[in-house]
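In the part that follows, the structures are each spelled out as C-alpha cells.
Each of the two complexes below includes chain A, the first together with chain B, the second together with chain C.
Up next is the complex of A and B:
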C-alpha cells in the first residue's frame, strides 16, 4: 500500500500541507482562492512544534492495525483491502467519536462547525497523482512510499 | 558555476528562444522555475506577516488573527501598500535622476534633441522662457520641486498634467498626492508594526501613490527623456538575438534610465573610439538592447541608428543574450538586472559595470554616474570594455541564433508619433472606433514573467485572442519585448487579427499590436487615452479601453496598476497580486473600485476567458456611448 512517510528533520513548519489539504477539500478552490477563514476550512494534517525537537508533522498513517476502524461501532470506518487506506463513510457515522479518542496519533478530529462528522485524511484518493499535501511540501519532508501490508 | 541545475526549462511563447535556452550549458531563470515550482499558500494569498518578532504570523483556521490581533484584511493591505510604496519609490528614483539630468544638461547648454517635447512640456507647465536651455532647466526644476515636497504639501503639476474630470474625482476622494518621495515614506511608515490597520485607508493610499507614480515616474520620465534624447518616430527595426553582431564590441544595457547612457552612446561612434575598437580587431561598438532601457533606445532608435543594433529581448531573455557569448560587457543602471546574470558573466568573462548603486550587482564594478565627469567616465568604461573584449574573444565560444526574432518590428510608437501618423489628429482613430472597424483598445503592458504558463505565454495568447476580436493592442513594457520577438508587432501579424482590424492594419501597413516600448511608456498610453477622451468629450472610464498586465512581475508593476485603477480603467492581471486572502481586498479591487474611480480588477490566468471578459467590458462601454 501507499503511505505518506515523514522526514521530520526536513520540516520547516510552513503549513503548506495544511493549505493544500484544506484546498483539496474545498471544491473548486486553489492556493490563491482557498478560503482559510471559512468555518469548514479544516486540515486533515497537523504540524506540532516542540522547542527541543523542532517541528513534528502529524499525518494519518492509515495504520495496519487501525484503532479507529477497530473502535468504530457503526461501520463508517473501513480499511480498503486493495489500497490499504482507511476510508470514511459519512452516511454511516454516528458521531460517537470513539475513533477520535482511540487514534494513537491524535490526527482524527470532529468537524469544527457541526460536530456531526469526522475530518480524516482520504489520501486524496479522488485525485490523480500524489496526495495534495505531498505535492505542496517545498522541503519534501513528506513523501509517498510503497510499503508492504 | 552551478552545474547541477535542472535540465527542465520552462515553456516560452517564443519557441525559438525556448529551444535556444533548453540547449544552453549555463543556468538561467528558465531552468530555475522547476526548483521553485512549489509555492507557499500563505505568501500567494498575502496572509503572512513578519513585521514583528512575534511572527511570522500566518492566517489559518486555527489562527484567524496574528498575535497582535491583525486580521487577514489588515495583513494583506499592509503587505500590498508596502509593495506599492516600494514600486513607486523605484519609478520616482528614475524620474528624479532624469529631471536632474535634464537640469544639468540644460545648465551646461548641452544638446536638447526633442524640440517638440520641450514645447509640449513648456505649454503644460506654462513656462514662457524664450531660451530653450533656460526653459528646459525651469521645467526640470519644477518637477524636482514637486518631488521634494513634504507629503502634506500637494504637488503642483498634478493639476496641470491630469485630465480635469480625473483630477476632480481624485480631489473628491482625497487622494491627490503630496511630494512623491515623501509619499513613499508615508506609505512605508503607515505599514509598519502596529500602525495603520484600516484596509480601506491603505488602499486609498495606494491610489494616491499610483497617481504620483503614473504622472511623474511614468509620464514625465518619458517627456523629460524625449527633450534630451529625441522624440520617438515610427520605423521598422530588427529584434531578437539576431541583432547581435559578433564583429563588434557589444555592450548589453539593462535598466530604465536612458539618459544615463546619453553621452556614452554618442561617444561610442566617434572616430577615436572606433579607431580604438579597430586596433583590437573589432569594427566598432554596438549597444544591444535588453530590458526597458533597450526598449526605450529602440523607441528612439531613429536618432541612434549607428550605435544601436536593436532590442534583443526582455528581462527573462537577458541570460540567453549573454549566453550567446558575443556580449562583452553589461552596463546596468536599474532593474531588471537579474542576479542570475552574475554567474554567466563570470563564466563567459563578461565585464559588468553598474552606473547607479541601486542596481549594484555583486560581481560588478561600481562606477556611479557623475554628470560632471561623464567624459572621463565614458573613456574609462570604453577602456574597460575593450579590455574585456580582448580577454574573452577567441576564448569564449559564440552561439548566436541568427534566426531568432525578425527584421520588421514596427517601433517608435508614442502619443506624438502615432498622432502624426494619423495626420496630426486623433479623428481617424476615433472614426474607426465609432464605425466598429476597431472595436476597442487594450493596453497590454507590464512585465514578463515565467508564471502563468511560462515566459510570455499568457501575454502572447491573450494578445492573439484580443486582436482576433478586432481589439487594437498597444503594448508598453517587457510585454513588448516578448510580443515583438514572436512577430506580433510586424505588419504581417495583421493576418492574425479579426477581419475588421486586419483590414485597417493592412490598409495602413501596421501590425495589430503597437509597440510603445518600455514600461515607462505606460505613461504614454495614459496620454493617448486622455487625448482620446478629451477629443470625444468623455471621462476615461467611459472609453472602450481596457488595461492588462497579464504577466506582471514586480512591485513597480503594482504601482503602475494602482495608477491604472486611479485612472478608472478596467485592469486585468493573470495572477492575483497576493491579496486573495482578504475578503475586503477582493471586494475593494473587484467591486467597490467601480464606485470610487471607475476602475476594476479582473484576475484570470486563462487567455480565452480573460479576453472574453475584456471584450464584454469594451462592448458594454460601446453601448453606453451609443456606438
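Up next is the complex of A and C:
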C-alpha cells in the first residue's frame, strides 16, 4: 500500500502541507483562495515543533491494524481492501469519538463547528496522483512510498 | 472447519469478519436473538428518530451474503452440549460446531425494588428490541423516568427528550456519569440536559413503585420521600453477562464466562469474547476481543493484553469529553492534579510519580488519542521537562523505516 513517509530532518515547518490539506477539503478552493477562517477549515495533518529535534509533520498512518477501525461503533471507518487506506463515511458516523480516543497517534479530531463529524485523512484518494500535502511540500520532507506490510 | 458464533454485536461480528478475511473457506454461522445487527451505542439515535433500524447497523447491507456467513436471527440459544459439540436453539435445532465462540453479551438488570420488576412499563436500553418497545410507548407517554445517570441512562434520556417527553433522571451518586467524570465536568452535562428540559434527582434511591390496575408503574417513591410520576420507566442500573445456556456444559463461570489470555474457556474449542466475559468494558475492547478470539480459533496464537477499559468518550449536545483512567483520585493516593481551563475547555491531568494516571478533557478533544497509550503503559513523563498539557504523539514519535508504521519511542 501507499504511505506518506516522513523525513523530519528536511521539514522547515512552513505549513504548506497543512494549508494544502484544508484546501483539498474545501470545495472549489485553491492555495490562494482557501478560507482559513471558516470553522470547517481543519487540517487532517499537523506539525509539531521541538526545540531540540526541530519540526515534525504528522499524518494518519493508515495503520495495518488500525485501532480507529477496530473501535468504530458504526462501521463509518473501514479499511479499503484495494488501497489499504482507512476511509471514513460521514453518513454512517455517530460522532461518538471512540476513534479519537483510540488512535494511538492522536491524528483524529472532531469537527469544530458541529461536533457531528470526524476530521480524518482520506489520502486524497478521490483526487488524481499524490495526496495534496505531499504535492505541496517544497522540501520533499514527505513522500509517497509503496510499502509492503 | 465450521465455527459457530453466538451473538452478533461487536465481538461476534468482529470475529466473523476476521475469520472470513483470513480463511474464506471456513464455514461461519452466527446465531443471534436479535432481528438484525445493530450498534448498541447508536440506540439513542433510533429512539430519538434520527435514524431507522438500518441506520444503526454497523455492517454493510450485504455483509452476510458477500462474506458467505450463515445468519440465524431471532434465534435464542438455550443449551450447549460440549461433548457432542452442538448448541440447541429455542426452536429445537441442534447446530454442530468444530469451534464455538460465545459472544452473547450481557443483559440489563432490574434491581429487586418492590413494584419495579412487576411494572409492565419498565424497559432496559440495551438492544434494538428495547428501543422499539420504548419507541411505541413514546407515542402516548408524557412523563419518563430514567433510573441511573450512567452513560446508558443519559443516552436514553437524550432520546426521550428528543421525542418531547418530560424526563426525570434518578441517580444514587451525587453526580451524573460519575464513573467517567469529576464533579465539574459532570455539572456541565447536567446543566446542558437541564437546559434541554431534563430534571435530575441525585444522591437519592428508588425504594418502591406503585403499580396501577393494569400493571403499569405509575409513581416512583424515593428514599428522600419524594415521589415522581411515570408513564414509562427506563432502568439503566447496570448489566449482567448473559450465559444461561451454558448451564450443565462444564464451562467455568464466575458471574461471567472465564477465559484465559487467549480467550479460550476451560473447554477446548470453546472461546468467549465481549461483555459475556465481564471484561469488555466498551465497544472497542469487545471488537478487539472478537478479533483475537477468531485468530486463536484459527490455530494461531495471539493474546488479549490490551485490557485497559477505563476509557470513554462522551458527546451530548455537542459537548465532547475524553475520560481515561483514574479521574477522581482519593486524597490518600497523594496524586498531583493539574487543571487547565478556559470558557470552552476543562482539562484535568491526574499524576503520580511522573506517570499520568487519569485524564479528563472536556471541550476540544482533538488529537487526544495518544494519552491512552501513555496511561495504560504507565509511561514516566518526569524526564520530558515540558508542560504536560502540550504533549502530543510528536514527543514519542518513531517510524519503522521499512513500512512507515509509527512506533512509540519511550
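The criterion applied here is as follows: the second predicted complex is superposed on the first by the 148 of 149 C-alpha atoms of A that agree within 3 Å, B and C clash if a C-alpha of one lies under 4 Å from a C-alpha of the other, contacts with A are read in each partner's own complex, and residues count from 1 in each chain.
Here is the rule we go by: a contact is a pair of C-beta atoms (placed from the backbone, for glycine too) under 8 Å apart; a residue touches a chain by one contact, two chains touch by 3 or more.
Nothing here was measured: the structure is a model prediction, and the numbers come from that model.
Superposition of the two structures on chain A shows chain C fitting alongside chain B with no clash. Look at A:115: by the touch rule set out above, it reaches chain C but stays clear of chain B.
Ranked by how many residues of chain A each touches, chain B and chain C are led by C. Contact with chain B, but none with chain C, is seen for A:22 once the two complexes are overlaid on the shared chain.
Of the two partner chains placed by the overlay, only chain C lies in contact with A:147; chain B stays clear of it. When both complexes are overlaid on chain A, the residue A:33 reaches chain B alone and has no touch with chain C.
Using the contact criterion defined above for the overlaid structures, shared-chain residue A:72 touches chain C, although it does not reach chain B.
After superposing both complexes on chain A, the closest C-alpha pair between chain B and chain C lies 12 Å apart.
Remark: chain C residues 10, 14, 39, 41-42, 45, 56-60, 282-284, 287-288, 291, 311-313, 315, 318-320, 322, 324, 365-373, 392-395, 397, 399, 402-406, 408 touch chain A in the complex.
Across the interface of their complex, chain C is touched by residues 3-6, 8, 46, 48, 50, 56, 58, 61, 63-64, 67, 70-75, 92, 94-98, 100-110, 114-116, 119, 145, 147-149 of chain A.
Of all residues in chain B, those touching chain A in their complex are 38-42, 44-45, 47, 58-61, 64, 72, 575-576, 580-581, 583. The touching residues of chain A, when paired with chain B in their complex, are 14-16, 18-20, 22-23, 31-34, 36-38, 41-43, 112, 135-138.
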